[in-house]
Each structure stands twice: as C-alpha cells, then as structure tokens.
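Paired with chain B in one complex and with chain C in the other, chain A is shared by the two complexes that follow.
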Partner chain A sequence: MPVDRRPWLLLSPALVFITAMVVIPMAFILVYSFYENIDLAVDVPAFQFGNWQELFTDSYYHTAIWKTLRLSLIVTVLAAVLGYIPAYVIAMTKYRHKWLLLLLLILPFWISFIIRTLSWIHIFGNQGALNGLMNLLGLGDLPFQIMYTEFTVIVGFIHVFLPYMILNIYVSLEGIDENLEPAARTLGATPWQAFREVTLPLSLPGLAAGSLLVFVLTGGSYVTPLILGGPSDFLFGNLVYDAVVTELNWPMGATLSFTLLFLLGSVVILYSRLMGMNQLAKAFG
Partner chain B sequence: MKPRVWTLLKFYTVLVYGFMFAPIVVVLILAFNSSQFGGFPIEGLSLRWFYKLAENEAIVRALRTSLLLGVLTALIATTLGILASMALVRYQFRGKQWITTFLISPVLVPETVLAVGLLIFLRWLHMPRSFGLLLIGHSIIALPFVVLVVQARLIGIRKDYEEAARSLGASPMQTFFQITLPLLMPAVFAGALFAFTISFDNITATIFWRPSGMETVPTQIFGMLRNSVSPEINALGFVMICITVGLPLLAGGLARYFSRRKV
Partner chain C sequence: MTKKYDSVTRYERLREAVGNGDVDRRTFFGLLGSAGITAGLSGGIMTAMAQQARAAGTELHFEGWGGVVSEALRKNAFDPYEAETGNKVIDATFGGENEVLTKVKAAGSTDGHNILHSSGVSWYKRWVDNGYHVILNEDNIPNLANVMPAMIEPFRKITPDGLSAVPYDYGTTGIAYNTEHVSEEKAKELGANLLLDPELKGKIGGWGGDWANRAWYGALQSGQDPNDIQDWDAVWDKAREHRDLVLKYWSSGAELMDLLAKGEIYVTEAWSGRVAALQAQGHPIAYMDPPNGLAWMETMFVMKGSPMEESEALLNFMLDPETAIAVAVGQKYPPSLDPTKVEMPEEVLNLPAFDPTGKLEGLVFRDPAAWNPHEKEQGKQWNRVQKGG
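And then the complex of A and B:
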C-alpha cells in the first residue's frame, strides 16, 4: 500500500516550526553552555567546562535549586488542599447553574497574569486592604510588613495556579460513575469511608496531574518572586533571568537554562514512571 | 452525605472562589479611585486615571504593539494548528500518537528555558531581538493550545458531510473551504481567541525576547511596578480585563443569541 502523503503535507508546517524553534534551540543551549564568556554580551565558541564547574561548585546555585524545589512543593501541596474540595463540590452539586461555576474557573485564564499577581499588593501592601482593615479596627502598630516576603510569593503562585489544579481534579471526579458511592453505602460503608475508599482513589489521577502541572509551572517561574518577593525570595528561574537579562552572560544563562530543563524534566519523567504516561497525556488533553 | 457537611463544603468552596476573585475585584474598583496613590483608602470616584492613561504615550504604544502581536500570533498559530489538526483527526497514519505528543511538547518546556533557547539560537544565527522573534516565540507558545482546541472540535464533526461533498464531485480543496471550514468556524474562533490571549498576556518569555525600547502591555506594567502600584496601572488593568474577558464573553453571548434565533 502506498504511503499517503497528505497528512504529512498538512503536518509539515507545524512540525518544521517546532523542530526549528524548540527542538534545535533546546539542543543548542547545551552546546552553548560550553562557550566562554569574555565580557558583557561577548562570548567565544569553546569547549570548556568553566560554566558547569561554577554551577557545581558555587553554593549560591545549590541554594537556588533547593529553594525552588521547596517552594514548588509548598505551592503544590497547598493548591491541592485548597483545590480538592471546590472540585468535589462542583462535580457533585445538583445546582442548576453549574456551568457558571465552571466558567468562573476558566475566567482567571483570561485575566492578565501580571494584573492578577500585582493585585496582591493591594491586599497585603502598606496601603493595602488588610492594613486598612487593621487600622479601622484599631489593631497594633501599623503598617504590618507582610508584603515582599516568601508568604506573598506563595499566595501569588497559588492564586495563579489554583484553577489548573481544580480543573484537573474536577475532570477526574466528573468521570467517576455516580452509582459507586451509593453502592459502597449500601454495603455498609460510612459516608467518609465511601469517599476515602471509592471516590478519593478514583480521583487520584486528576490530583496527580494537577499537582505535576502546578509543580512544574511554579518551578519554572521567575516573574512572581520579582513582583511579590523580597531580595532573598528568588527561584532558579531568577538566576537565568539575572544571567541573561542583567549580566548579559549568555553561556552561563544557557548552562542555567539547561539545568532548569533537566531538573524539571527529571521530575516529569520520574512522576510519569510512577503514575503512568497516559494519565499525564490526559492532563494536557 | 449529611446536609451539614455539604453546607460546610459549599461554604469552603465559596471562600476559595472569593480568594480567586477578591484581589481582581479590588483592582477593578481602585481603577476608579480619585486618590493620587494606587492603593486604599478610596477618596472618591473619578475617571481621571483613564484620561491619564489615554494621554500616556508609552502605554498607548505598548497597547498597540500588544494588539498587533496578538492578532498576528493568532493568525499564525491558528493556521498551523488547523492544518495539523486536520491531519491528526482525518487521516490514519503511523506514529500519530508520537506526533500528537510532539506537537504538544512546547507546553512541557518551562517558558523561561524556551525563551532563553530561542533567543540564544537566533542570536547565533545573527537574528537579534526583534518584533519577529516575539512573533515566532508567541506562536510557538500558543500553537499547542490551538491544536488541542481545534482537534477537540474537529473530532465532533462527522466525516459524512465531507464524504457526501466529495461524492457529489467537489474537489478536496472545495470540500475543505465549503464544508469543513464553515463547520469548524467556532473552533477556529476559539483557537484564535485563545492564541490572542496567550500572546497578549505573556510576560515570562516576552521579557527575554523584546528588543530594547519595545514594550508590550505586560512588560510596560512590569517596568512601571518598580516603585509602587500607580493608579494608572489599576486603570490599565481594568482596560485589559475588558479586552481579554469582556470581548470573549460578549462574542460567546452573541453567538448563542444568534444560534438560538436561527432555530
């Protein structure tokens, strides 16, 4: 049977585009990490391990890796805790305007990320709503310094990524046969037992996919700490930003980028080994 | 389930929704605050910051750049996305699963890494930061989402219509433009709108790609933030939310209204 060329013809623009603009550049940053930086924005092709040596020996970079993993984990766990119950309520409710609840979940995706992030300055800042409220109630010495701490960075991340978590959990809860919990009840399970032994395990794929998504998105960020954090609240992505945008040290920027790709890629691969790849495909489908 | 527990869960849900929307509502309200500071207290209501906004040349220029970039990104990403989706849904071929994963793969790369990779690669090819780089980059970021949206819709369109057109003598091109594309239009619009929003909203990669002196709305806001939140930013936030939320809602509402009237 002759090979049908038409699908490949249709696919070729997208495939060429992604290959040239994503795959090759990703390989290229590895090559570039061996280049040598001489001066601001000046580098020469070389094959030397200076950048990698710096990465492996300077504890500054190790601190950043540790901070990034720690913060991503905190954000992921809190988002899961905050997000599970709303997902459950939306999936189980008999409310006639359920579509409205779902629309409201998708709405944040349409609202500018930077506006959503800076909006927390209005809540926690010196002139923010919280301090204003405290003032009205006549509480304590004002203003409270809450803004520009790790706390506000975490809140900012959760605020932006929570909809991903809720939607993923919701999709997997929605797919559960609604007769299963009543069946468990008939067989003598308490409501809590029925939830814990039937619904919760069946919703785990969604919870797992949402968690992975939030973890990877947080781990790759750098803008949120710049807006909501103090000087010591930086992630690994901020080092990439500093190297490329501020110091114009491109080879180091390439080295750090490849490291970030490797770290987050390892998390994805490790996780998909544990969870099974088709669950992840579902998360992005 | 006990009604009391259910009430508690519902209350918790309302709180979480409050957490998601309260800060945004605050921005929308503060946009109308007449005070010369961007925060509380609210001293009075006025439109002065909207007028100030319209007079701010840097912001108007950034808005123009963002709109142009968004529209062009939508055009490129949607065109590539439709072609690829047609192949994936309408044809059987080997390695399809693999190709689908490949098309979605840019989503899996952290945006920071994607940005640095493309920047350094194109610089090596002697193509420095430019509007073109922004356009290529935004299209890459938007493409996977367009593919997902269009594909989902295309699966829902039965192949019978196309086969009927073909058996009545239409060429493949005629079939595509007169049967498939009109049926696909809602998905094309949804995909294009999605791509536009992704581009219009992007900051993470844009900071790396923009040439010096060129600002998009998010990078402009980011630059203005260095000191504090100025009232102009609140007004700009209001305008942006109207563009990215108001327009799609309006379009969706109108589409619904007209489709109902037709029936």
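And then the complex of A and C:
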C-alpha cells in the first residue's frame, strides 16, 4: 500500500520554519554554553563545563529559579481567578454585540507592552492616581509607598497577561452546549451546583491552557520586574539579561537561557502528561 | 520640521512634562490614548512612508542617554544639522552602551548604529578592542582644535593613529537630595554616607546600570581611594548596606529625574546635569560632590561602517562653539570646548563641575588602568549584590 506523503508535504513549511527559527538557534545556544568567556565580550570556542558547573553549584541561580516559579504560580492563580469571571460574562451574555466586548479585550495590545507597563507608575506612584484619590478622600498618612514592590510587579504581569487567560477560558466556555446548565437546574441543581458540576469541569481545558500560557509567559519575562520592581524583585530572565547585556558573558547567558527553556519546557511536558496535548488543542478551538 | 524619536522617548518626554507641571494629567492620558490609537491605525502607513523617506539624504543613527540630554541635542544640534545638510539624524535612547554592544554582536553588523554618546575612556577602549572603531579625518573636523587637550589626550593614547570619537562633554556623579526632607547640614556632614542613612530607608535610590559607579561610592564609604581599591569585600559590604535601604535602582537619566521629581526617593547618587535640569524646573533638589566624587567625560563615538564624511560633518557641526554651548546649556553638562579659547556664557560658567581652567585637574576621573582589570569579576559581583547576594 503506497505511503500517503501529503501530511508531511503540508507540514513541511511549518517544520522548516520551526527548524530554522527555533531548533537550530537553540542548538547554537546549547553549543555556546560550552564556550569560555575570557574577558568582557570576548568568548573563545571550547568544550568545557564551567558554566554548567557554576549553574548547578551556585545558590544564586537556585534562588532565582525558586523566585521565578513562585511568582509565575502566583500570577497564574490570580489571573485564573480574575480571568474566569469576565470570560464567563462574555460567553454567557445575550448582548448582541459580543464582538465589541472581545474587541475591548484585545484593544490594549495596540499599545506598546513597555508603555502599558510604565503606565502603572502613574497609577501607583507617589503622585499617581491612587494616591491622588486617597488624598481627595482624606485617607491616611499620604503618600502610600506602593510602587517598586512585588505587588506592583504582580499587577503589571496580570495586566499584560490577563487577556490570554480570558480568551482561552472564553473559547472553552463558548464551546459548551448552552442547554447543559438549564438541564442540570431541571434535575434539581442550584445555580452554583450547576456551575460547579457542569460548566466548570467542561471549561477546564481552557482554564488549563490559559494557565499554561500565563505561567510560561511570566516565567520567561524580565522587563516587568525591571520597570515595576524593587531591588529584590527579579526573575531568572533578569539573570539572563545580566549575563548577556551587562556582564557581556554570552556563554553564561547561553547556559542560563537554555536552562530557562528547559524549565519552562518541563512545565509544558508536565501539562501534556496531566492534561494531554489534545486538551490544549480543544482549548484553542 | 520632522523630529524622529522612538515611542518610548516620546513617552519619557511627555512624562517629564507632566512631572514639570507643563501638561495636566487629563491631557496626558488623552495624549497617551490618542498616541496608542494613532500608532495602531497608522503603523503600516508610517512604515511605508519611512521607507520612501529613506531614499532621500543620508541617515545617521544616533544613540544616547534620553530625556533632557537627547532633547538638547535634537533641538540645538540635529535639527539645525538636518536643515543645513538635508541629511537625517534618527535618535534613540539606550540604557547603556553594553546594550548596543550586545545588539551589534548579535547582529554581526553595525547597521543602524552610527554615532554613540559614549561614556568615558573605558568604553572607548572597549569599542576599539572589539574592532568597532574608525579613523576620523580630523581635517574634516576643524572645530576639534577648540577642544580641551586634557580631554583629547586619554583617547589619543588608546588610538594614536587617529581618533574614532570627539570628546563632547563632562560632568560628575555626585549626590542629589530633596531639600524638603534632608537638610544641607546633614548632607554636608554625612557626605557619601548620606546614601547609607538608615533614617531614609525606602527613600534612597541608586544607579543600577554601572558596577563601577556603585564600587566608587562603596570605596568612598569604606574609606578607600577609589582609584586604588585594596579591599573589594569592604566595598561590596557597603553596597549591600546601601541596597538594604534602596527603594529603586534607576536605569536611565529620565528614570532618575522622574523618581526625584515625584518624591519617590529623597536621596540618590546622580548625574550633575540631570540635577541641574531638575533645579531649573523648580524641584527642591540639591546636589553635592563629596570629596573624591566621580568625574567623567563623554564622547561622540563613530561606529565602523558609518558614512564617514556625513558623520564628520555632524561632529564638526556639533563642536561649533554656538552649537556646543547651546547643547551644554540645554543638557546642563559643560562642553568639551576649552574655556581659555572659547568664551563661555554665564549659564555655562554656572554649570555643575565646570572647570574654568580647561585643564580638569580639580576633577577625579576613573583610572582605566586601575579599574578595567577588575571589571569582569567585580561587574558580576555587583549584579549579585544588587539582587540580594
């Protein structure tokens, strides 16, 4: 029986693109991690494990990994809780112009990510909107020092990544048969029970896909803590930035980059083991 | 006349205007929203138009420190240069030259990078060591004759066959403090140790972008000669002490000004010209150079692969006394011009760090021979200390 080559032919443009833009560059980065940095911006080709040894033995890097996983988890959980409600409202609303609500959701993407992040300084800063409002209401000993804390970093992340969570949950909710909840109600379930026993479980693929995206995007970030955080607010990505840009040590930067890829890749693999990749496909419609 | 800025630079300027009270908050947010919508709607059209525009005249890409410095250069140097020559200067902001070096190394090309507002002798040497320098035809830059020999010599020693940059300005990194919260007596009494005052915890800032700046102050605070540091552990112990009091390490001059102007921080080490700019805007910020405070000089560095005649013409234009003085008044840093050869107006004579002798003997600069050998190890150490290590 002849082998059907059409699937491979159809896949080939994507495979070539991914090989050229992801696999080969990452292979270069892996090779570079064995090079030796002898002076600032001066690297020599070598096959040595000094950079990897430093990564495994130095608690500085381990602390950064812990901080990254912790903050990514916090942001993911908060985004899931905060994102579910608007996604549910958009999916269930009878409003004729639902597209308008979805447009509002993606509208912030038209403005630069950096500028959106910087905008929080005008809200949480000493002379920002929040302190201004509290001043107007005569509350407390002003100004409150809110900026440059872990709180502002988390807010910055949620602001930027929340639409990813909402859209994923929305797609999942939209695919649920709208007769299921009323059916559960006719069988005696309370509204809360109908939601908990029927809608929530069916929307889990979207929730999980949104959580995966938010977790991975947060874990790979470095700009948000740089702009909104204080000295102790940093992620593993900031160490990559330090190694590559400020220390001009590309071999160490390559080692750290590959480690970050491995860590975040592990999360994706863990997800696929727990949920199955087909659930991810379902979530994306 | 069309001005070319990137969107972040525009935003920083707008924020500064709000900080100065030149623009009210309602207008600011209105402009921000309009800018976002305009950028979204017109991005494609603008890109196509920009491609057409590139066909006319030579484009020179300039990278500098942003904020009032870029504004002074744009208004007093680039706009008149463009009007006179028909060439275009596209200015962008960097957080430091290491960003540019990383970009050109990653790209394997200097395309899009022509002239840098480069910081000091150490960076000049680094650009040269990495092969990104050129040899300027000094005959095309007659105004170089007016530059202080004391500023040219350190660079000529590195490239005796010819300069790749022209010295342009100088200044100091001293201590800025908010006079509504810190008295002059206290500042004078504590000197460099004002940055370690526990009473100001959470209201202290610092420059995060340069390990040597932090180490210089660590040396002063630990009682060492910054150009002859013997005990690096003591230096970093002081940096840790400072870190535990810091609210924010700033990474650009615009961010420094914003933090001071908005009262987020009361004390920080700061660049003299930026503080002078804040004072001119009416903010209650004072400046002091502690004994052995850090002085530095900056150049306009031309990158390999740049259009040479146009670049030299721009440098000569920038060193013209009329232009250089106007820029100095705008950016609040003294020009590299020799005050014994070029008459300086009152505004320049009153700038912080200005040296009327033209010899710069009263200022303490970083000795590259003492600092460069430590950069790899101690720069890495600073990144760790900064993050709690």
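Note that the second predicted complex is superposed on the first by the 261 of 285 C-alpha atoms of A that agree within 3 Å, B and C clash if a C-alpha of one lies under 4 Å from a C-alpha of the other, contacts with A are read in each partner's own complex, and residues count from 1 in each chain.
By our rule, a residue touches a chain if its C-beta (ideal position, glycine included) is under 8 Å from a C-beta of that chain, and two chains touch if they have at least 3 such contacts.
This one's a predicted model, so the numbers in the text were calculated from it and none came from an experiment.
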Task = Have a look at where A:I111 lands relative to chain B and chain C in the superposition and call it first, second, both or neither.
result = both
Note = Between chain B and chain C, more residues of chain A are touched by B
Message = For A:S232 in the superposed arrangement: first (chain B), second (chain C), both or neither?
response = second
Task = Would you sort A:D242 into first (chain B), second (chain C), both or neither based on which partner it touches?
result = second
Key: Touching partner for A:Y148 - first (chain B), second (chain C), both, neither   = second
Task = Kindly classify A:D39 by the partners it touches after superposition: chain B alone (first), chain C alone (second), both, or neither?
result = second
Message = Looking at A:G138 after the superposition, I want to know if it touches chain B, chain C, both of them or none. Which is it: first, second, both, neither?
response = neither
Inquiry  = If we overlay the two complexes on their shared chain A, which of chain B and chain C does A:W120 touch? Say first, second, both or neither.
reply    = first
Message = Output the chain A positions appearing in both contact lists, the one against chain B and the one against chain C.
response = 110-112, 114-115, 118-119, 121-122, 125-127, 129, 226, 244-245, 250
Residues on chain C engaged by chain A in the complex (per definition of touch) = 7-8, 11, 15, 18, 25, 28-29, 32, 36-37, 39-40, 96, 98-99, 101-102, 105, 126, 130, 202, 208-209, 211, 243, 246-249, 251, 258, 262-264, 375-376, 379-380, 383-384, 386-389
Message = So in the complex, the part of chain A that touches chain C is made up of which residues?
response = 37, 39-41, 60, 63-64, 110-112, 114-115, 118-119, 121-122, 125-127, 129, 143, 145, 147-148, 226, 230-232, 234, 238-239, 242, 244-250
Request  = Note which residues of chain B are touching chain A in the complex, please.
outcome  = 1-2, 5, 9-10, 12-13, 16-17, 19-24, 26-27, 30, 37-41, 79-81, 83-84, 86-88, 90-91, 93, 99, 101-114, 116-124, 136-137, 139-140, 143-144, 147-148, 197, 200-201, 203-204, 207-208, 217-218, 221-222, 225, 228-229, 233, 237, 240-241, 244-245, 248
Request  = In the complex, go through chain A and note every residue touching chain B.
outcome  = 3-4, 6-11, 13-15, 17-18, 21-22, 24-26, 28-29, 32, 82-83, 85-86, 88-90, 93, 104, 107-116, 118-123, 125-129, 132, 159, 162-163, 166, 191, 216, 219-223, 226-227, 237, 240-241, 244-245, 250, 253-254, 257-258, 260-261, 264, 268, 281, 284-285
